[in-house]
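What follows is a set of structures to go through.
In the two complexes below, chain A is the common chain; its partner is chain B in one and chain C in the other.
After this line comes the complex of A and B, so read on.
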């Protein structure tokens, strides 16, 4: 059933459009940098890292990940999770999928695993496509960055990473980002079991991302107490894997938070789906 | 799984939906092998909900529901013997009709042979359009594909919820013919319709529901009684013009019975 579901989702135009858009974005970003500010120092992320893009192809995945992580990647994850069951409900297929000698939990598990896999593909695709585009445009060189958090007006903390080291660290950072999308994924998946409107489930996943971003002490000082419980804020810490030495403070708390949110949302999805009446 | 068990047995079935709406109120019904049973009744009578409970899509609030002698519940094994077209067809819009049928065949009973798919293609009768994306199909083409999917693997029980709604006369005749063929091959058929002339023409038996309750059941001839048509008998019945005695007569347990164990009367 998982193979059939995967084959079906893989042929879905929206799946291809979502992944295609993410891939194209990285190439468009590279072309834009090559045509305009490729030789200028770029401020990347919240640390920030200061990078001259045209010095190394490996700078592009760093810039691409920082550019997509706050909205485009959560959107892609919300699309895959939110449309998984609500999409079937909207097309009427849910009735026929469940009117079979098949436990609902198996159907739910197949949907969950395929949506998870597609979300993972999206998160991996961005740095991979960006690395390809960057290497074509700017070559295979060591990545040099100025660590903004450790630099002063008198001293620049320069980090230089060999290409192989950069790829390993980017891989770990991307795995962290993927784990950081779990709460958004699980929330959109829960909504997908609750509604027959896929758009509502996708919008709910994106909405959680936005709420998480807005309820941030950087913008609203009064909500500082909520910061450490927001499901999406500390995904920004991925950039710390490019520092030397790597600063891991807050990461384990964030990952634990993702597991808790995922367990709660997915548990609720399973509980509800077992009891749901399929009336439409 | 004893084949002596009726394909459908429903006892004291009640379903309460949200906000206290009583969709089914103590429904009793038995459908025997080989019957073609028409479910009639106004909107909200409970016809669709009854079918969805049989398919395990909706959970009853109380009562007993069995398919081929086994409790009907989500994922019940007996669903392997049931084909359905309920609330309209449901297919993947961007796949072709053929891809959709293959997908359904793969999902049913762990896979079917080419012969089953060829037979379904014959029922759908879509010609070269079978290779086109489903989303380009007309209403009638979608329903024919839906019926073909319902008949995949020659199910022992076919549940059809208003399968001819919105179809033109030619398509109605085709679907009527497919139902007759399925019944001739031994499939028990239950189908709901607002068109009593359709039920009168196709079915051997009929059940009239109102407000979630069964108000009459029996062979079509018995239900029609002295009236010119089933339409006239139905209107009398739902308007309450028939005396309780006459209603009781219409309810008398023919092969479609209120409870298991009642002796079927002469048609």
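After this line comes the complex of A and C, so read on.
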């Protein structure tokens, strides 16, 4: 059932368009940097890390992850999760899928696993494609970054990472980003069981990142209490893996938070889907 | 026709809920800030900073800065995105268009009314913040610290008399409104394309998100001045509160807004004029 579902989703233009757009984005980014601004210091993230892109190909995955993690990656994840069941409902296939003599949980589980797999592909694709594009454009050199948080005007804290180390660190960072998408994934999946409009489920999933970003002390005074409980605020902590020494403060809290959000949303999705009247 | 449309929209709960939310947020902000942190500095825009308890006039600045990211674009997207798609989803669009009035006039009336409501939303934010701020902290002269030009040796700040500050607030509101026009026009275009109001509203909010996401990509800085929604252009209104007034970039930002608005409006008009109306 999972294999059939995977084959079906893989053939859909939406899947290829989403993944293709993410891949193209990294190449477009590399080309833009190669044409202009490649030799300048670029600020990456909140720390900030200051990186000169054309010194090392490995700088491209860092920049690509930093610029996709807040919107484009959540969008891709919300598309895969939000379309999974609502997409079937919208095309009128849901009732036939459920008419088979199988428990509904099996269908839900197959949908869940396939959507998870596709989301994971999206999150892994971005740094991989970026690494490929970056290495072609700027070569396989050690990554040098200035750590903006521990630098003063007299002394700049420079971090140099060997290519192999960089790749390991990037792998860990990417795993962290992937885990950070769980809450959005689960929420879009829950919406997907609730509505028959895929677009509404996708927009709702993206809406969760928005709520998370708006209820942020940087923008709205007085909501600092909520900061550490927001589903998507701390996803940018992966940048600390590139600092020296690596700082992991707050990460376990964020990962635990993701698990809690995922459990609540997925539990609600399962509970609702068991009882739902299927009209489409 | 505009008056009829205005009256019709005024009876719909959606308009009231949106406007009430727009009024509630600044009032709530005043409460939260007044109760928990009146003496702290609050950042306003990219390089401004104010201390709340020095004057109630700081509240409109904080409210505009906080709501420009999401709440104001959402309100504008709701008013513009629902105007045609709302009728289509009710099934009343075909009856509306069966009257002997040119389609472009229908769309123009709808857009005018949506524009009036959007303007009301922005003004409501500023006025509620001003009134609640004045009640909480009094109408003293406004001091804005210019972080960008402040060094350890000089504190760059501007002190504005209450009347001047209110005048500048008017200018700032006008600029904020102008910077929302591309979102408004895009929502209007989507509203003529779809029969689902939710899609039009979400699409217009997504429009701002995509633009902001592209703006934050290192290496695509060449694109930034031409994007419709960016933090930098959106925050230019804070320049009205520095001394001397900084207006660099404002004509360019207005030009970009006018370009996007024009293109979307023309698309909406041509599409709506020849659309097959099925609902």
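The definition used in the following text is that the second predicted complex is superposed on the first by the 280 of 280 C-alpha atoms of A that agree within 3 Å, B and C clash if a C-alpha of one lies under 4 Å from a C-alpha of the other, contacts with A are read in each partner's own complex, and residues count from 1 in each chain.
Here is the rule we use: contacts are C-beta pairs under 8 Å (C-beta built on N, C-alpha and C of every residue); 3 or more make two chains touch, one makes a residue touch a chain.
Just so you know, these numbers come straight off a predicted model, no measurement behind them.
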| item | value |
| --- | --- |
| Chain B versus chain C as contact partner of A:249, first or second or both or neither | neither |
| Touched partner set for A:53, first chain B, second chain C, both or neither | second |
| Touched partner set for A:36, first chain B, second chain C, both or neither | second |
| Touching partner for A:71 - first (chain B), second (chain C), both, neither | second |
| Partner chain(s) touched by A:203 [first = chain B, second = chain C, both, neither] | second |
| Which superposed partner A:94 touches (first chain B, second chain C, both, neither) | first |
| Which superposed partner A:12 touches (first chain B, second chain C, both, neither) | first |
| Chain A positions touched by chain B in one structure and by chain C in the second | none |
| Complex contacts: residues of chain A adjacent to chain B | 1, 4, 8, 11-13, 88, 91-104, 274-275, 277-280 |
| In the complex, chain A residues that touch chain C | 29, 32-33, 36-38, 42-44, 53, 63, 66-68, 70-72, 197, 199-200, 203, 206-207, 210, 213-214, 218-223 |
| Complex contacts: residues of chain C adjacent to chain A | 29, 32-33, 36-37, 42-43, 62, 65-66, 69-71, 196, 198-199, 202, 205-206, 209-210, 212-213, 216-222 |
| Contact set on chain B toward chain A in their complex | 17, 49, 52, 55-59, 74-80, 82, 84, 86-95, 103-104, 106-108, 149 |
